[in-house]
Amino acid sequence: MASILVLNGPNLNLLGTRQPEVYGTTTLADIDAACRAHGQTIGVDVTCVQTNFEGGLVEAIHAAKGTHAGLVINAGAYTHTSIAIMDAVASVELPAVEVHLSNIHAREDFRHTSYLARVCVGQIAGFGMHSYILGMDALKAHLA
Amino acid sequence: MASILVLNGPNLNLLGTRQPEVYGTTTLADIDAACRAHGQTIGVDVTCVQTNFEGGLVEAIHAAKGTHAGLVINAGAYTHTSIAIMDAVASVELPAVEVHLSNIHAREDFRHTSYLARVCVGQIAGFGMHSYILGMDALKAHLA
Amino acid sequence: MASILVLNGPNLNLLGTRQPEVYGTTTLADIDAACRAHGQTIGVDVTCVQTNFEGGLVEAIHAAKGTHAGLVINAGAYTHTSIAIMDAVASVELPAVEVHLSNIHAREDFRHTSYLARVCVGQIAGFGMHSYILGMDALKAHLA
Amino acid sequence: MASILVLNGPNLNLLGTRQPEVYGTTTLADIDAACRAHGQTIGVDVTCVQTNFEGGLVEAIHAAKGTHAGLVINAGAYTHTSIAIMDAVASVELPAVEVHLSNIHAREDFRHTSYLARVCVGQIAGFGMHSYILGMDALKAHLA
Amino acid sequence: MASILVLNGPNLNLLGTRQPEVYGTTTLADIDAACRAHGQTIGVDVTCVQTNFEGGLVEAIHAAKGTHAGLVINAGAYTHTSIAIMDAVASVELPAVEVHLSNIHAREDFRHTSYLARVCVGQIAGFGMHSYILGMDALKAHLA
Amino acid sequence: MASILVLNGPNLNLLGTRQPEVYGTTTLADIDAACRAHGQTIGVDVTCVQTNFEGGLVEAIHAAKGTHAGLVINAGAYTHTSIAIMDAVASVELPAVEVHLSNIHAREDFRHTSYLARVCVGQIAGFGMHSYILGMDALKAHLA
Amino acid sequence: MASILVLNGPNLNLLGTRQPEVYGTTTLADIDAACRAHGQTIGVDVTCVQTNFEGGLVEAIHAAKGTHAGLVINAGAYTHTSIAIMDAVASVELPAVEVHLSNIHAREDFRHTSYLARVCVGQIAGFGMHSYILGMDALKAHLA
Amino acid sequence: MASILVLNGPNLNLLGTRQPEVYGTTTLADIDAACRAHGQTIGVDVTCVQTNFEGGLVEAIHAAKGTHAGLVINAGAYTHTSIAIMDAVASVELPAVEVHLSNIHAREDFRHTSYLARVCVGQIAGFGMHSYILGMDALKAHLA
Amino acid sequence: MASILVLNGPNLNLLGTRQPEVYGTTTLADIDAACRAHGQTIGVDVTCVQTNFEGGLVEAIHAAKGTHAGLVINAGAYTHTSIAIMDAVASVELPAVEVHLSNIHAREDFRHTSYLARVCVGQIAGFGMHSYILGMDALKAHLA
Amino acid sequence: MASILVLNGPNLNLLGTRQPEVYGTTTLADIDAACRAHGQTIGVDVTCVQTNFEGGLVEAIHAAKGTHAGLVINAGAYTHTSIAIMDAVASVELPAVEVHLSNIHAREDFRHTSYLARVCVGQIAGFGMHSYILGMDALKAHLA
Amino acid sequence: MASILVLNGPNLNLLGTRQPEVYGTTTLADIDAACRAHGQTIGVDVTCVQTNFEGGLVEAIHAAKGTHAGLVINAGAYTHTSIAIMDAVASVELPAVEVHLSNIHAREDFRHTSYLARVCVGQIAGFGMHSYILGMDALKAHLA
Amino acid sequence: MASILVLNGPNLNLLGTRQPEVYGTTTLADIDAACRAHGQTIGVDVTCVQTNFEGGLVEAIHAAKGTHAGLVINAGAYTHTSIAIMDAVASVELPAVEVHLSNIHAREDFRHTSYLARVCVGQIAGFGMHSYILGMDALKAHLA
C-alpha cells in the first residue's frame, strides 16, 4: 500500500481558531483525521506533519524520500515566498500536489503567486478541508 | 438530482490532437464521457458544452442560470485575458469551479494569472482529465 | 432626424439580475425604452443593440456606418481589453460616446483603463441608466 | 431649491486663451454663465468658484458642507496628483461629479488616472463646456 | 499543388475605408485577388477567409488542419491580446507566417507585442498589401 | 523650556466630522488641547498650526527655524506626494517626528510611501490622537 | 495587571555590537530591562522573547494567545519578507504594535515595506530603544 | 528692452541656509541681484518672484503674460510633481527656460523627472547661481 | 538601376558556425552571394557590408546617403539596444527594411524590442537567409 | 593559523542526489572533505556547517564571531530572499565570500538577485565544488 | 590659457542634414567654428572631436587627461545607453558639462535618462548650437 | 599546453589611475603580468588583450576561436548592456569565465545584471586583481 505524506506549513496548527470567515472552523486535527480516514478508503497510508518553520518544511520533504511515494503540501504563507521549499521538492523528485484551504487567487495579490507550483503536479485551492481529500485523490491517480 | 454544466473554452475541441506532451492524448469526447459517467456515480446530472468564442462562454454561463446548480469551467486561454467571462460568472451567481488540464502555474508567466479565479469557489489545475472529475467532486461537496 | 446607435456589450443583457449592489435593478429593456423615449424628446432616432461577443461589437460598429450618425457605447468588460473594438470605432469614423453604468475609475484597477476611450469624443461613467441619457445628450450636442 | 457648487481648479481661469486646439475658445466666464443659466432651467442654485491652489480646492470643498447639496468639480491637473482633494471630498460626504473639458483618457498617460474619481459618483470627460451641463444634470438626478 | 489559407482578422473587412493614412486605400477584395493571383504565379492554391471574431479565427485555424499546408495570418488587433489564437496555431501544428499591413513596431506601444509570434515561423510587417505577397513567398519557401 | 511646533496638514481641520470609522470622533481642537496639556506635563511649550496648503506647510516649517526646537508633523495626504515639504524639513535642520492618526501602512497602497520620512527622526502611525502624544515624547527624548 | 509580550526577531540578540552607527550601542538586555522597568511604571507585566527564526516568531505569537493581552513586535528583517508572521498575528487576534529601532522608511527601499503592518494597530520607527517604550505606551492606551 | 521673469519655487527663499553642501551659500537675494545685474549687461529687464505655493507659481506664470517676454523658472521640488505648473506654462505660451542649482540628474531618482521640461525651450542644471545667468543668456538668444 | 545596401551587424560574420540550431548553416558569404544574385533577378545593384561595431553601422548608414537608394539592415544584437543606429537611419532619410534570420519575437524577451523598427518601413524576421531576399523584394516595391 | 567557516544553506545536504544535471554528483561530504583538504594546503583551519533553516544560518554566522576569521557562504535559495542573513553578516563584521555551485545568473530570473552580495567581499558562482575552493583562496588572500 | 575638449558623439557629423525640424540647419563645422570663436572671447583653447563609436568617445575622454582642463560633451544617443562613457568621465576625473542640441526631456521617454549626467557638473539641453556656448561658459566658471 | 585569452573591456586600460577607492592602484600591466606569471605556475599559455570598443570585444572573442581553449573576460561596463558580446561568446562555443575587479552586486543597481553571464561557465567578482587569478584557476579546472 502506497504511503503519502500530508505536509502542513505555518499557522495551520491554529486552524479553526484563525479567521474563521476565511478558513472555517475545522481544526488541523480534523483534517489529519479526515485524511487518514480517506486514506483507508482509497488504500493509501497517510502520515501527517505540521511545522511553522520554512527549514522544517524543507527537512520534512527531504525525509519523505525513500519513505513516501508522494506529497500533499499546504505550505501556507511560505507558498508565496519560499524558493527553498520549491528546491526541496525538486530535490527529492517525489510527485507533489499543492493544496490550499482558501482560493488564494481570489485574495490579496501577494497570495496569487506560488514558487511551489513550479515543481508540483498540480494545485487545488479553495475547498477548505476538502482540498486535501481532492489532493489525495489526485496524487493517487497520478501515482497509478 | 442536481444538474451541473461542464463548460470548455477555446481549442479544447482539438484535445488529444494538440501538443500531447502538454495535454495528453485524451479527447474532449473522452472527457465528456468521463464526466457523465462520474456524474452517475456521484448522483449529478452533467451537461457538457464547448465553444471557442469568448462571447459563447459568456452566453453559456448566462444560460446555466435556472437550469444548472453549478459550473465546472475550463476557460482555456480566456482564463488569463477575459474580464467578460469573470463578470458572467459573477452575474449568474452560481458556484463555479475552475479547472485546467495542465498546471498553469508551472507554465509561461502569462498563464499564471486568472481573472476567472476571482469569482470561483476554487481552482484545480494539472491533473489532465482527472481535473474535471476532481472539480465535479469539489462542486458537489460545495453544493451540499 | 439624426439616427444614433446605442450599443451594449457583454453581460448587459443580464442587467437587473446581476450584482444589483453594483449595477442597480434596471433591466436592459428599461434602458432601451428610456433611450428611445429620450430620443423622441431630443429628436433623434434610437436603435438599441446588445451582444456578448467582441466580434459582434466590431460588426455592429461596422454596420453603423452609413446608417447612424453616431454611437453611444457601453462595451462592458471589453472596454478594458479590446483593441479590436477601438480599431472598429476608428475605422468607421463616427463620433462615439463611451458610457458606463458604474464609475469604473472607483472599482478594481483593471477597470480603470479603456482602450475605447482613445477614439471616443468623451466618457460618462457612474450614473446608472442615466449615463446613457447623458451620453445621448452629449452625442447630440457633438453632432450639432 | 437645491444649491450646488461648481468648482474649478488650476489654469481654468485662463480658459479660452489656453491651447484652444485642446480646450476650445470658451472662457471660464462663459462656463459660469452657462452653468447658472442651466441651473435656472433645472431648478438648482449654482455657485461658481475657481482657484489655482490645491489647498484652495480643499478649503472650497470644506466650505461647501452645510451650504451646498453637491459638487461639480473640474480639478484640472490636480485630478491626477492630489490625494488631499480626494480626501476633502470624502470628508464632507457630499455627492460629487467629476468633469473635464477634454477626454483625459485620450491624452498623455499621466492624465488617465484620477485620485478624485475614487470618491465621486461619476465622471464626465470630453465634451468641452457641455461636460459641466451634463455634470449638473447627473448631479441633480443623483440628488433626486 | 500545395494549398494555403490566408486568414484575416478584425476590421480588415473595412480595409480601404479605414484610416487610409495608416492602412492605404487597398480593399480586402484587392488583397484576396492579389493573393490568389500570386498563388497562381508561385503554384499554390489560395483560400481567403476573414472574420471579426476571435473565436472565428480559432475555428478557421482548426479547420485548416488536413485541408491546408500552411497559414498566412493577419490577426489584426487580436495579435496583441489573444492567447487563444496562439494556442490554436500551436494545436494544429501547421507552419504559419504572421503578416501586418503597417509596421506594428513603429506604432503605439501596445501594438509592439505579439502572442501569435511565439508560434509562427516568422513575421512580416509594414509593407501594406505586399506583406501578404511576401508572406506567401516565405511560407512557400518554408514548405519546400 | 523647549518649544515645539505641532503641525497639521490638509483636511485635519475637519477631524471628528470626517470618516469617523477611519479617523475617530476627536476634533483638531481636542488634539491641540491634548498636545498643550501633555506639553505642560513633560515640560515643553507647544504651538499648534494647521493649514490645507502644501506651500503653507513649507512656510510654517521655515518659520519654525529659530523659534522652535523641533517639529511634530502630520502632513496628511501631502505625506505621500510632496517633495517640497520634505525639502523644507531638510532645509531648516530641525528634528522632526512624523505622525499619523491611522496606520497608513495598512490602508491603500498609495498611502504606504512617505517622502517626509526620509528626513524625519522617526514615524508613529495608527494610534489616533495618541500618535501626537507619543510623537511629543519621542521628540522630547530626541532633544535630550 | 495586563501582561504583554515584547517580541524581537533576527539579529537583535547582537544589538550593541552590530553596526552601532545605525543601531546604537544599547544591547538587547538593556532593552529588556528598560521594558520591564517601564512595565512597572505603567502597570503592565512584561515578557521578553527573542528568536532568529521566522518559525520561532510564528510560534511565539501563537503562544501569546491566552497568556498575553497584546504584543510589541520588532520582527527585524522578517518585517519586509514574512507573510507567515503577518498571518500569525492575524490568527491570534491580539492587538500588536510594530516597532523598529531605526527609521526603516529612511533606509534602503526594501526596508520601506512591511507585511506585518497590515495587521498591526500601528507602527513606531526610528527612536532607538525608546521605540519600545513608546510602543508599550501605545499598546497600553489601545488596551484601555 | 525685453522684460523677463525669474521665477523661484519652494524653499528657494531659504537658500544659503539650506544644506550648503548641496546648494552652496548663495542667498536668494544674491541670485536676484546677480540676475538684475546680468540683465543690465545683456539688456533685458528682470523681475524676480519667489513663492512656496504650487498655485502661487501657477498664478505668477499667468501674470507674466502680457508683461514679460519670457520666463526663467526654478520650480524646485514642484518640477517633479506638478502637472499644474506645466499646464500654466503651456497656457501662457511664453518661452520658458528651466533652471536648477544642482544637477538634478545626479541626485535621487525622483529628481530625475520633470513635467515642466515638456513645455520648456530647454533645461540648465548643476551650475549653482550661474544656472540662472546661463538661463537668461539662453532665453535672450531664444527671444532674438 | 537602383542600388541598395545590405548591412549586417555583430556576429553575423560567424554565421554558419554560430549556434546552427538557431541560425542554420548558411554563411555570410552565402547570404551576400544570394543577395547579389537576387539583385540581378530583380534589377537592383547590391552592396554588402558587415561590421561588428555599433559605430561602424552608424557610419555605413551615413555613407549610404547619396550612394544607395535604400537599406536592408540586420543589426543583430544592436537592434535591441542601439538608439544611435536608429538615429542614423532617421538622419539619412533613406527607406530601410529591417531583417532578422530568426523570429526575434519568439526568443528571449530582450530580443522582442527594436529601436530600429521605429524608423524602418517594415520588419521581416524568421525566415533564415530568405529574410534578406524578402527584404530586398519589399524594399524594391517600396522604392517603386 | 587562521580559521574559516564554510557555511551551507538549504537543500545542500541532499547534494549529489538533487537534480544532478544542474548540481552534479558531488555530495556535501565530498565538499566538506575537499574544503578541509584544501585548508591544509593553504594553511587555514576549516569548519563546515550546514543548516536548512534561515534562522540557523543567522545563528551560525553570529557564532562565527570571535571564533573564525572569515566566512565562505553558500546560502542556497535564501541568497535571493533573506534580508536577515544579509543583516547577520553585516552584524558580525567578518569578511564573507559568497559561493554558488551553479551560475545563478544563467538560471531563472529570481536567482539573479542576491541580498547577501551587498555585504560580501565578492561572489563566485558556477564552478561546482570548485567554487568553494576558489572562495577559500579568495578569502585567504583577502585576510592577508 | 585653459584648454577644453568639445566632444561630439554619434550622428552629430551629419548635423544640418539630419531632421532639421528637430536639430536645425547648423552643421558640425559651424558648431566647431562657433566654439573656437567663443573660446577666443572667453580665453580658453578649444579642441573639437567627433566620433560615432562608443569606444571612440571612451578613448577621447581618456586622451583628454593631462591635455585638457575640462570637457563639454554631447554624447548623442549614447547618453542614454552607455555606462562605459560614464565610467570614462569618472576615471579621468576632469570636470565635464553635458550638452544637447534638443531638449531631451521633451522628447521620447527613452531620451529622458542620462547615465552621463551622474558624473557631470551639470546639463544644458534644448538651445541648439547655443547649448555648446552656454556649456563652455559654465565649464569656464566651474574651472575658475 | 592550453592557451587562454584574458580579455579586458572599456576603461580597464586606465586601471590604477581610476577611482582607486573602488578599483585599487593595480595597473592593467600589473594584471597582465600577474596572469602571465600565474599561467606559468598552472601550465597555461596566457594572451592579454584590452579594448574600449564593444565591437572590439566581439572581434577579439571571434579571433579566439581556434587559437585559445577558453576565455577569462572582464567586459567592464559592457557586461550590463551588451547583447552583442553575449552572442559572440555563444557563437564561438568556447568556455568563458566572467571576472570583475569589484563586487558588482554590491554597487549601483544597473551593475547587478549581466547579459554575459547567461553564456559563461561562471562569474567571479570582488577580489580585485585576484579575480583574474581565480578565474584562470576556474577555467583551467573546467578545461580539465
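Each chain carries a letter (A, B, C, D, E, F, G, H, I, J, K and L) given by its place in the written order, and its residues are counted from 1.
FYI, contacts are C-beta pairs under 8 Å (C-beta built on N, C-alpha and C of every residue); 3 or more make two chains touch, one makes a residue touch a chain.
All figures in this text were calculated on a predicted structure; none of them were measured in a lab.
Enquirer: Give me the set of chains touching chain C intersected with the set touching chain I.
Expert: E
Enquirer: Examine where the copies chain B and chain C touch and state whether the two sides share over half of their residue numbers (same) or under half (different).
Expert: Different: fewer than half of the residue numbers at the chain B-chain C interface appear in both copies.
Enquirer: Thinking of C-E, which of A-B, B-C or C-D forms a repeat of its interface, with over half the contact pairs identical?
Expert: Selected from A-B, B-C or C-D as the counterpart of C-E: B-C.
Enquirer: Could you state the distance in Å from the CA-based centre of chain I to that of chain J?
Expert: 47
Enquirer: So what's the Cα centroid distance for chain G and chain J, whole Å?
Expert: 31
Enquirer: CA centre of chain A versus CA centre of chain D: separation in Å?
Expert: Here chain A and chain D have centroids separated by 54 Å.
Enquirer: If you look at chain A, which of its residues touch at least two other chains?
Expert: 53-56, 81
Enquirer: Could you please write down every pair of chains that are in touch?
Expert: All touching pairs, sorted by chain label, are A-B, A-G, A-J, B-C, B-E, C-D, C-E, D-F, D-H, E-I, F-G, F-H, G-J, H-K, I-K, I-L, J-L, K-L.
Enquirer: What does chain K use to touch chain I in their complex?
Expert: These residues of chain K touch chain I: 9-11, 13-14, 17-19, 51-56, 76-78, 80-81, 110-111.
Enquirer: Along chain D, where are the residues that touch chain C in the complex?
Expert: Interface residues on chain D, with respect to chain C: 103, 105-106, 112-114, 117-127, 130-131, 134, 137-138, 141-142.
Enquirer: Would you pull the chain H residues touching chain D in the complex into a rising list?
Expert: For chain H paired with chain D, touching residues are 53-56, 58-59, 62, 65, 81-84, 86-88, 90-92, 115.
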